[in-house]
Every structure is written in C-alpha cells, then in structure tokens.
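So that you can tell them apart, the chains are marked A, B, C and D in the order they are listed, and the count of residues begins at 1 in each.
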Amino acid sequence: MNVIALLTQGLEIIVAVAAAPLFLGWINQCRAWLQNRSAPSVLQPYRTIQKLFNKDAVIAANSSALFRVAPYIVFGAMTLAAAIIPSMGTRLPFTAAADAIALVGLLATARVFMALAAMDSGTAFGTLGARREMMVGFLAEPALLMVIFVASLISATTSLPAISEHLTTEAIGLYPSLAFTAVAFTMVLLAENGRIPIDNPATHLELTMIHEAMLLEYSARHLALMEWAAALKLFNYACIGFALFLPWGIAAGAAAPNALLLAIPVLAVKLVLAGSGLALIETVSAKLRVFRAPEFLATAFLFAVLGLLVHLLLGA
Amino acid sequence: MELALLLALPLGGALMLGVFGARRLGAELNAFFSIATFGAACALTVRVIAEGNFVAAREQFFIDPFNVFLVDLTAFVGCTTALFSRPYMRVELEHGRLTAGRLRLYHSMYQLFIFTMLLALTTNNMGLLWVAMEAATLSTVLLVTLYRTPASLEAGWKYFILCGVGIAQALFGTILLYFAAERVLGSEGVTALLWTHLNDVKGQLEPTVLSLAFVFLLVGYGTKMGLAPLHNWLPDAHAEGPTPISAVLSGLLLNVALYAVVRCKILVEGSLHSSLPSQMLMGFGLLSVGLAALFLWRQRDIKRLFAYSSIEHMGIISFAFGMGGPIANFAGLLHMTVHSLTKSAIFFAVGHAAQAAGSQIMDNIRGLLSISPTVGWGLMLGTLAILGLPPFGVFASEFLILTTAVKTQPWAIPILVAALGIAFAAIFRRVQPMVFGEASVPHLAHVPALLPVFAHLIIVLGLGVYIPSYLAHWYREAAHLIGGF
Amino acid sequence: MAPLSWDLQLLNVCAALLLLLAFAMLSQRRIVTLVDLLALQGAVLCVATALVAWRTGKSHLYLSALLTLGLKVLFLPWLLRRLIRRLDVYWDTEPMANIGGTMLLGLLIVIFAFGLAQPISALANTSTKSTIGIAVAVTLLAFLTMITRKKAMSQIVGFLSMENGLFFAAMSATYGMPMVVELGVALDVLVAMLVLGVFFFQIRERFESLDLHHFESLKEEK
Amino acid sequence: MMGMSSLSTCLALLAGWIVIGIAGLARPMSVRFAGRALFLAGALCGAGLALVSLWALNAPPEQAVLPIGLPDLPFHLRLDALSAVFLLLLGVTSVGTSVFGAGYFRAGEGTAPGLLCLQYHVFLASMGFVLIANDAYAFMFAWEIMALASYFLVTTQHRIAEIRRAGFLYLLIAHLGALGILLCFGVLQGGHWEMTFDAMRALRLGPQWATCAFLLAFFGFGAKAGLVPLHVWLPEAHPAAPSPVSALMSAVMLKMALYGILRVSFDLIGAPLWWWGLIALGVGLFSALYGVVFAAAQTDMKRLLAYSSIENIGIACAGLGLALVFAGLGMASLAALAVIAMLYHCLNHALMKSLLFLGTGAVLHATGQRNLGKLGGLMRYMPWTAWLTLIGALAIASLPPLNGFVSEWLLLQAFLFTDQIPRTFINMLLPLGAAVVALSAALAAYVMVKFYGVIFLGVPREGTLVRAHDCGRLERFGLAWLAAGCVLLGLLPVQVIARLNAAAILLVGTGLGEHGQRWWLLAPLTQGRASYGPIAFFVGVLSIVLLTALVVRLFYHGRVRFSLPWDCGFGQLDARMQDSAEGFGQPVRHVFQPFFRIERELPSAFDNAPKYRVIVTDRVWYALYEPLVGLVRRAANGVAWLQQGRVTTYLLYGFVTLLVLLGVVLA
C-alpha cells in the first residue's frame, strides 16, 4: 500500500469527523428555510458540541460502567465506518479488513451499545428508547444489507470501494434494480438517523421519540460524543448512498493526488444536494406513529428485495 | 440323563409340595426345586455345548438349538421367580390375602407349571406338545384364581374357557398333522408325530391338509400366545393372578406357545413351498402390535398395562418370524429371550410397588424413587428396556427387525413405527410419574427381593452389548432351521 | 354301487346321531338335559369307537372305547350331575333368543364343515372317511353352542362335546391318535373337569349363581 | 502422537469419562467428591479430547473395531476430519461446562450428586461415541444412550410436574426421531444388511431410495436438532435441566443432529440431489426466523436462550441446505464455502450458547430467579458474570469482531453466489434466504439486547437482588474459558478455517482455496471479491476508541457528578417503570402477530388493582400435536369396544378368525 492510499484513508476519516456536524447544520438550515424559520448558523452543531464538552458530566447513580464506555464505542464505531466507506477515493487499505457486510455489522454494534447504555440508565424513557431503536434496527438492517447485496451482485464483490469502482468504470448503464434499492436506501437512511417520518430529532415528545429517549440520561462530554456520533452516522449513510448510487467523481483506482483533490469539492456538492433533498423530504412528509414505523421499514425491506429480484430477473 | 433330571425335578417338586407345601418351608422347598431344575438345565446346556443336538427316550424327547436356550431361559426365570415369590408370598400371607392351604396349592402348581413348560419345550412329539400345553393351562387356572376375588375368578374363567377352546383347535390341527404324516410315515410306527421325522419328510406332506392344520394350530396356540384378536384372556389373567404368576405367564408361557407355533410353521412352510404361513404370522403380528399399542394408551391398571405390552412384543416377534431370513429370525429369537427376562423383571418390580401401594391402579402409585430407590430404578430401567432403549437387549432385536423390515416388508413399516411410538408414549407417560415425583406410597414394610430384578436386567443389558458366541451359534442354527421366505 | 356292509351303515348311523345330538345341544335350554345329551353323545361315540375297533381289529381302539365309556359316559356326566345338584342349578335354563336363527346358522356351519372336510376325506384311506365331515361339523357346532350360552355349566357341556367331536374326528380320519397321546388327552380332560369342579365351588362362594353375566366386569371401561 | 493412535487415545478419554461417572457412585451423596473433584477430572478429559481432535483434524482417517456389539456387527469406530471437528466442539465446550459445573452443583437439589455425575459423564461420552461410530448399530446405540442420559439430566428436579412433562415430551420426540434414523439406516443397508458405514459408502442407492433415506434422516435428526415443527420439546427441556446440562444440550447435543445429517447426506448417501438442499434450506430458514421471533417474546431467560438455539440451529441447517444445493449441482468449491460456514457456525454457537446458559446458571444461583420480570441491574452485583456474559451476548448477536459475525459473514458470502446456479427459479428464490438470514441476525441482536439489558442493566426489579453475589472461582473460569473461545474464533478465522478445510474436503471433495489471504485477512474467495480482517478491524475500533478517550481526557476536565436519573419532575421513579420483558418483546409480537397464539388480559379503566397479563404460546403445538394426540385417543377409544368383558363375544372372535382363515386357505 502506498503513501497516497494511506493519505486517502486518513483524509477520509478526518474529513468525515470534521464535516459531519457541518452536514447536520446544513440540513437544519435547509429545513429552517423551507419552514420559513430564521435558520440557526450552519456551525450550530459545533457550538453545541463544544459547549457540552465544557460542562460537568452528570451520571445516573444506578448506571454501570457500560453507560460511560458506550459513547466512546459508538463514536469509535462511526469513525471506523467512515474509514470504510469510499467517499472520495477507492484506494482505501483498511477496506480490505472490512467489507460492506462488516460495515453493517459495525453500525449494528454501535446501535446495540447505544441501546444497552440506554437500558442501563434504568428509566422508563431509556428502555423505551432502546426498544424502539432496536425495533427500527431489526427492520432497517436487513433492508440495508439487501440494498448492498444488489450492488454487490452487480459488481460481484462485497467490498465497497470495489463496488463503486465497478459502477464508475462501467459504461454508465441504467440499473433498474438500483432504482428500487435507492428508494429503499433512502427510507432506511431516514429511519436509521432518526429523521422524520420515523423520529423527530427536534422534539422530546415521549410518545414519539426514539433516539433522543436513549440519550436522555447523557450529559456533557458523553452527550457530545453521542451527538457527534449521530452526525457521523448521518454523514456515513450519505456517503454510502453516494458510493452505491452516484459514485461518479470519486478518485477511482490508483488515481493521482489531483484526482483526490478534485474529489473533495465533488463530495461537497453531493453533500449539499443530498442535505437539501433530505430537508425537503423531511419537510413534506409527516411524522408517523411509532406503530407505523414497522410498516414503513417493511416497505423499505420489500423494495430492497424487489430490487434484488429485478436484478436477478433482468440480470441488470 | 440331564434331561430326565430336568423333567423329574419339577414334577417331583410338584408332588412333594402338594404334600408339604403348606409348611413354613414350602417356599424354601419351592426355591430349592427351582434352583435344582436350573442346575439340571445348566448341566444339559454344558452337554449340548459339548456334544450338540441329541434325542432321548425312543426319540420322544430332543434338544436342538431352537429349544435349548428356551429350556435354559425357562429354568432360569422359573428359578428367579421362585426366589422372588418367597418373600413376596410371605407378605401376601401376612396381609391375609392367602391361606396356608392356598399357598400349598400355589407352590405345587408352580412346580407343575414349570414341568409342563419344560415338557412342551423338550418333547419331540407334537401330540405330547399339545398335552403339555393344555396341562400348562390347567396348572395355572387355579393360580390365577388364587385370591378368590370375584375379578380373579372371572379372569380365571375366561382363561380356562378361551385357552381351553383354543387348545382344542390346536388338537384338531395336530390330528390333521398326524393324518397327513401317517400317509408318509405309516401309522404303525409311533414316529408319525415326531417332529424330527416330520421335519425330514416335510417336503412330501400333503399341502392342503397341512395348510388347514396350520390354521387350526395357529388359532389354537395363537390364543395361548395372545395374538390379537384371540388375546382377550391375557390381560385379565395377568392382572388378577399373583405377581409371580403374571411374571411366568408373560415371560415363559407366551414363549412356549410361540415356540409351538414356530415348530408348526417350519413343517407347514416346508410342505407348502409358499409364504402363506409367513404372511399369516406377519398379519397376526402387525394386528397384535397395533391393537396392543392402542389398548396400552387407555390402561390404568399397571399389570394390565404390561400385559398388553407382552401382547405387543409377541406381535413383534411373530412379525419377525413371519419375515423370516437369517437376520429376522435371529432377531426374533433374541427378542424372545430378552422380552421374557425384561418382562418378568418388570413384573417383579411392579409386584413390590403394588404391594407397597396396596393397589394396582397406577394413579395410586407415585414417587417410588423416594420410598425405595431400588424398586423405583428397577421399574424405570425395566420399562426403558422393554421400550427398546439401549443398552438393553430389546433395543438390539428391535434394531435388527426394523432395519430388515425396511427393505423386505416396507408396507409394514408405517404400522410398526406408529405402534411402537404410541406404545412408547402410552407406557412411559404412565411409568414416569410412578417412579418420579412426590411419594404417595408408604415405605415398604419388608426388604424387597430385587436380586432377581437386577439379575435379569444385567443379563438383558449384557445381551444388548455382547452376545456370547455359543448363544449366537444357537440363534444362527435355529434361525437357519426356521428359514422362511 | 355296492351296498355298505352293516357295520359301516351302523357307523354312519352313529355319525348321524352325533350330529343330531350336537344340534339338540345347540337348541336345548335345560342344563340337566344338556348333560344327558352329552352322556348320550359319549355313548354313541363309544359305540362308534368299538365298531371301528371291531372292524379294523386295532386293539388300542378298544382301549380308547373303554376310556370313552368310563370317562365320557359314566364319570363326567356323573360329576356334572353331582355338581348341578350340589350347586342347585337343577332348574336352570338358558335364556336363549331365537333358536331358529341359531339352528339356521348351525346348518350353514355344517355345510362349511363338509366343504372343509372334502379335501381331507378325499385323501383319507380309512373306511370311515365319509364321517370326517360330520366330526368337523360336531366340533364347530359345539363351538357355536359355547358361543350362544350364558351359563357356565352349559358352556362346559359345550366344551366337552367339542372334545367328543375332536375325538371322533381323530378316529374317523386316522383310527385314533397314538396311544400316548390318547392317554394324555384323556388325562387332560379328566384334570380339566376336576379343576372345573373346584372352580365352580370357588365361583359359588362369590356369586349366587353360575350365570356368566357376573363375568363381565373386567373390560375396557368407556 | 506418543505411539498411540489418536482414535485409541480418544477412545481412552471417552472411557475415562465413563469411569469418572461410575466413580461418582462411590460416594453418591458427597458434593465435594462427586460434584467437585470428578467434574474437574472430567474437564481434563475434555481438554484431552480437544487436543486429540485438533491433531486428528489434519490426520488421515483411522478405523478400529471393538469386540463388543452384535455377533455379526461388532462396534466399528472411525475418526475422520468430520468427527474430529465435532469432537473438538465437544471437548472444548465440555471443559467450560465441567469446570463451571464443578463449582455449580449444590447439595440437596433433586438427583444425588453422584448419580448426576454419572449421568453427566455418560452423556458426554455417548456424544463422543456418536461421533466416532462407524456402523449403524454403534451409532444408534450411542445416539439413544445420549437421549437417555440427557433425559435423566433434564428430570433432575423430578418432583416438579412441569419438568417431568418436559422430560417425557423430550424423550418421546427423541425416540420417534431415533426410529426415523433407524429406518434411514435400514434403507441405506441396501437389502443385504450390511450395516457398517463403509458398506453404505460403497453402496450407491437409486434416487428414490436415496431420497427416502435423506428424508428419514432429516426427520430423525431434525427432531433432535429442534427444527420447526419438531422443536416443541426444546424450549421445555432445556430450561428444565441444570444450567451446565442445558448448556451441553443446546451447545453440543443439537450439533450431533447436524453432524448426523452431514454424515448421512454427504458421506453415506454420497451423491446428494440438489433439491434436498431446498428442503433443508426452507426448514432451516423458517426455524431460524421462528426461533428468534419466539425468543423475543419470552419472559423466562432460559426459555429465551432455548428458542435462540432453535434460531441458530436453523441458520446452520440453512447453510447445510445451501451446501447440498451447491454439491448437488456440482459446484464443489461453493459447497465447501457453505459447509465451512455451517461448521463454523456450529463451533460458534456451541461456545456462545454454553457461555450464555452458564451465565444464566450463575444468575439463577445468585437470585433464584429465572423470570426476567424479576431481575435487573445485576451488573453491579455480579460484574464477572455480567461482563463475560456480555461477550456471549454480543457474539450471538453476530456483531463484529466476535465469532458470531464470522459465520454469518461466510454464510452471506455463500448466498451471494447463488446467482451462478444454472436454474433461474432457484437463484431467484435463494437470495430471499439471504434476506431471512439477515433479518434473523438483526432480530438476534434485538433479543440479546432484551436478554442482557433486562437481566444485567438498569435497576433491580426486586429488592432481594441487591444481595446477589457473584459466582465462584471455578464458575468464573468456566465462563472465561468459553468467552475466550468466542473471542479467538472471532479474531482468527483464517486459522480456524484452515482446520475446518479437512472436513469440507471429506464432505464435498474440495476445500476453500487461499486466495492471497494472509494470517490476519480472511479471503475465502478471490480477495477482490470479499475479505475480512477481524484483527485489523478490532485494532481499528480499539485504537480509535482509546484515542478518543485519550483526547477527551487530555483536553477536557473529567469532572463527574452522580445523581438520580431524571424523573420528569414526577418524583416517584421506581424500578417497575423500566420495560418488562413482555414490554420489550411487544414490537416483535406486534410485527410478527401471525406467528403467535396470544392470550391477553387487559385491565379495564376502572380496576383499582390493574393487572396486565399476556401469555404467548406456540401455534405449532395446537396445530399439529394436539390433533395428533386426539387422533390416538379417539382410536384407542374406538378399539375399546372390542373388549366388553363377555366371554362368549371373545369366543365369537376366535370362531370368526378360524372361519376366515379357513376360508382364506380353501380359497
């Protein structure tokens, strides 16, 4: 593995960790615009995180060590995920060690720890949040896996960089199967990141909240890490989306540094577009009752499987 | 010589006990004679191993691989049963269910019964075989009614009538056999009913007559053997008689009847050159297995339960002999051995359990393990053995039978398997709560005589793991003799 | 065809009588009469045996004739009558529903029996082969008698007449079994009756009558 | 090794187990002798067995004949790679359970310690014999002994009626299954009654008979493996047994069934037909989903684990089915991949499930509670148990970098190749299987969060729980041993697969090639296609976590205050406000409604003592078993009228039988 590969790898991680809050901020701003609110600054998430880091941590007395370890694990998992997903270059030495399936596993690990930590707080809200999170998870995860399967069937590999390389270098053909899976993926993305219509990151209404309910007992740096991890998660999902559905513009193969430099603005553009699109979806759609969430996700799962079948049927 | 001793001892015992049986030492005498008989049987066996088959007393008696091990079995189980009945009957006496006089009757009839069975096994004369079988019935009728309870009288009556009539059919069958035989062997010599001679000339015997004869013989001895639908006397007689008698009836008498049937089958099949007798045996076998399994499901009296299980196993064995061939016959013979050992062991254990509980209704017997581990484990292990679980020998024979049947008689497999499954469920769901769980039974007043139980079980276990070479040799020879299609 | 010699005719008459008696038993209600009929049957059997013995000059048949006389004509009926008196079932009768039907059934059985005996008598080389069918018929009719009876005593009578039938069959098919067997059979019958005597008294201790409806308690309760 | 062949060594060790067991009878009542010393000795035997089988894995097959058995059929023994894999599984797991058991068994619990020791070690030995048996009689013999020994272990607490019922159901279904296997061998012997496995290997059956044999075997072994719908005994029997025994039954005994299917379908029948695989696949996937969904609804921790066993067996069976499909279509290398995935999953499940069962055992001893609704917050009172169990929970939720993930990864890889199957319909169908596998894996995570969270996390739901004590040294060792196994299997897949390859070669003729894979990087196919490096992965996560922690510690103050959790100003927050087990299972019950048979008791609005009760039961029982029993009962009542006690009727039977037979003969 050469220097550039290492460079790419490092760059990916750093960009992800650094830009994740920004992406979140951008989405919030778009939402505010679309809802005719005066928007908070794009940098608001950074400020929140910074503020949280300076506070004293208050920890539920009856919680165990797991409760305090969890944020680091979650954050670590998300960062590692960022290292796996080819957002700018495909020469990522680390991806040999972890393919797409491992990525899904990694996300699952983060989820499980989050849920366990939430249960550890021993409050009604914590357990409620954990339960709902896992409910979303057990439907979203297979859907995501199916989405990835379609891509990996098309490109006969499960390593993400190889997939997106294959998709870029192929003559740009239309994959009807990918259309289905794109829809599925979008739904999964919304669900997994606690966006409307599944969850509303902006409220703490116990009837509806999932992600927030799990974080209720967290404060200060733990909360900061959790928030940051959430932002990273969203960012990662976006990058997965790009890698699978709009891989063009990333530095494919053993590309020269300038290709890599070119890839950064491309990624930025993609993110901007994706963020505004996301905000749009969230604005036009209404929050679902929690009991409806399974149906929503089942639909996503169905779409993914449909995509798979379509691929096997049309061989495309 | 040994043979004479073998027959003389129990007969003498019967007469002697008829006189002294009531005395305190009646039980000891009984045990003594039984042990002596067993000794004679052992001596006989030694001789057979040394010299092989032989005939005696102007060919009226003979020993071949098919009956030698049955003789041993009969003598052995007779011996252990006598040992078991010693304390058992004493307790019955103390409970006032018996009088000294009846005890005398019991002892002498017991010896007579053993004598008749040994006679039936060793005689070469089909007529004498019949006589002995009838005598066996007669000697046990009064044992079945020993308690003089209404139920026991009823059971005895049914036993007497059904077996009497059945045996009468067998007599007619024997007459037909003689009729067919004398046309070949001539009536002047008394050889015409000697099995060995018949076996030599079986090819020339008149087929139609023999097939008719076989029907009568099968129905006759089949009744005694408890083949469905002729089995109806069996559960009553087993349930109402004293336990040692249930043990020998189920463990030995059925075997002897089966032995008679098979002897006839050999002749008839030899003359018919068709598989008709085999098919009849298989049909009866399957019918018995199936019906017995269903009856097992609804039993509440423990001795009836195991009586039906005997019917089931007789069915299995006759199915095996019906299939014929070296493996199936081998399995059938093995099954005869292990079944009689296991079943008598079970009846011993059951006897103690019922004696302790003062009832034969299974719902009244609970938690034996906690009142007497030996009785509890005896019953549990015996049951598992009879249900065909390793390491016991029944497993071996059922293994052989089933694996052979799959290829030779696939049509029978569903019935067989269903029946085995139902029987397993039916028996085990009853036995488990009797052995396990909280005790409902007062502690045993006396020390149970469980040496016989475990002696039997150990032998059965041994046969499951290793079959001695000469026994295997007898089985093979006998299997060859029985032949079949 | 040549007319049969008188002794054969007599033998056939005996056979016919046996069959007649079997039917009589089948239809007879009174127990005492049944016993008489049994004795009569024994007597006819004895005569028939003697005839065959005289005809074939087989000495052991004389012996078995004597045996029959002693056992089936004299001893057993005496024993039964004595039992009847002791158990005072003298006036017992069988509550038998339509005798006509039973007789008809008996008729069918006779036909079946003759059909059954056909192949046997075809092979037999005895001069009495024609009577085999009758012997079989008597046996089966006795069986039927037992089936239709509700009293212990009359069932026993049926049992004994079955024994007679078998004896007759043995004689007419093969001039009787080997002596040792004959003796054994006779012994068994004798012992059976003795056992039965004991047995009846045991029953008597428990039940007020020898009616078989007492004997229906051991069954599969619904 | 040391002049002794590995087969004879293995035999000696199994005999050693039996001897140890019998030694237990010497002082049946002494916990210290029978319960402690002998179990430790048994653990040593187990370790020895593991070593021997490791050795035997890459050694050529060995054969032997014992002088006992049937006269024409003495016990034939054979130790080949396949048996070695499962012997390894047996040995390694038994070390954990035996050491744990040495600390676990207490006096005065049902069966006397000595007897328990006998049953336990006979159970272990019989499983070993099942694996090395090389003829039908020896196999069935060991097989039934295994069932019997485990039955007695299940009914240790035989004074409890439910446990007796569970034991009965277990033994009955086991016996029926055994009959199926017996018949299967009857088919395989091909008419000349050659019952040695060698003869069966040599014999080639026609497709009908072969199919017949496979179906019989699948039924028979499926009954033991607890595949739906033959699973009903499993959730009853496993919880009933003492925890080390539950661990062995779930972890090892169920695998014996899978071993049997492998042995029969690949080795003895020889040429499997591809569509058998579809049956196995379908049943396996259904069992997987069914098991995990029911696990999510359980409220008894051991029942939950039992259902999770059904799930895992289902997944393994699906892998087996996939292997059959590939092998039947002659795609040997893919078949090898599926087989290895399946074997790997067997190993994994053995370790993690026994770990979890032992964990529940420790909890059971500390609290006397099996009901999840009365547990909680144990992490602070029994940290050892909690942290070690956590490893098992994460592993069984198939999370990287632990072992559960590796087998799932391999299985999914195998599924991804189904598009190469020449039959369009099939390769349309199979990817759905991948979907089901993914779904059940995700649900497994759900179940494990429920299991772990409700038992160990949060606030104790009962006041007594604060007195819970952590488990003793021996128990800790047992747990740690198995946990270490989970971690190692998770981190060193390359080495493990290198061992498993021998078995794959034995079964499907070829193993997994080494496509540029290094000691740390698993690349079962071409590396470009798929690769997984758990160590790197683990190091990656770890380093980032540590780095983050370091940064946080360096740049920010570590001030921490402890206080009660926020109660929304309600002020009366108590432990009962946490999710109960029922509550946590609710979403799954909601989504998979049709699977369940639910009885609910909802309180009315005016109850002053409101009570909510929900009972979830198995549909299969009511749909399949009760009708069956009813049928038998009806038949039994039907035949009852044959016996009305009237002697004349019985005479009539005889008469009619006679006439009929005569008619048959004359006709």
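As a convention for this text, a contact is a pair of C-beta atoms (placed from the backbone, for glycine too) under 8 Å apart; a residue touches a chain by one contact, two chains touch by 3 or more.
Since we're looking at a predicted model, the values are computed, not measured.
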Chain separated most widely from chain B, comparing mean CA positions | A
Tell me, please, which two chains come out on top when C-beta pairs in contact are counted per chain pair.
-> A-D
Round to the nearest whole Å and give the separation of the Cα centres of chain A and chain C.
-> 101
Averaged over CA atoms, how far is the centre of chain B from the centre of chain C? Could you give it in whole Å?
-> 31
So, what's the distance in Å between the C-alpha centres of chain B and chain A?
-> 78
Hey, how far is the Cα centre of chain A from the one of chain D, in Å?
-> 35
Residue ranges of chain D touching at least 2 other chains are 637, 640, 642-643, 645, 647, 651, 662, 666
Interface hub residues of chain A, defined as touching at least two other chains = none
Which residues of chain C are in contact with two or more other chains?
-> 116, 143, 146, 155, 215-218, 220
Please list, in label order, each pair of chains that touches.
-> A-D, B-C, B-D, C-D
Along chain B, where are the residues that touch chain D in the complex?
-> 154, 157-158, 161-162, 165-166, 169, 208, 211-212, 214-216, 218-219, 223, 229-230, 232-233, 276, 280, 291, 294-295, 297-298, 327, 367, 369, 384, 387, 389-391, 395-396, 399-400, 402-408, 413, 417, 420-422, 424-425, 428-429, 432-433, 436-438, 464-467, 469, 472, 475-476
The chain A residues in contact with chain D across the complex are 53-54, 56-64, 66, 72-73, 75-77, 79-80, 83, 94, 96-99, 101-102, 105-106, 108-109, 111-112, 115-116, 119-124, 126-128, 130-132, 134-135, 137-139, 141-142, 145-146, 149, 152-153, 156-159, 162, 216-217, 221, 225, 291, 294, 298, 301, 304-305, 308-309, 312-313
Which part of chain C faces chain D closely enough to touch in the complex?
-> 112, 115-116, 143-144, 146-150, 155, 212, 215-220, 222
Which residues of chain D touch chain C in their complex?
-> 637, 640-648, 651-652, 655, 659, 662, 666
Could you please specify the touching residues of chain D with respect to chain A in the complex?
-> 376-377, 379-380, 386, 390, 394, 397-400, 405, 408-409, 412-413, 416, 419, 424, 427-428, 431-432, 434-435, 438-439, 441-443, 445-446, 448-450, 452-454, 457-459, 520-521, 527-537, 540-542, 544-545, 548-549, 552, 555-567, 573, 575, 577-579, 583-584, 586-588, 590-591
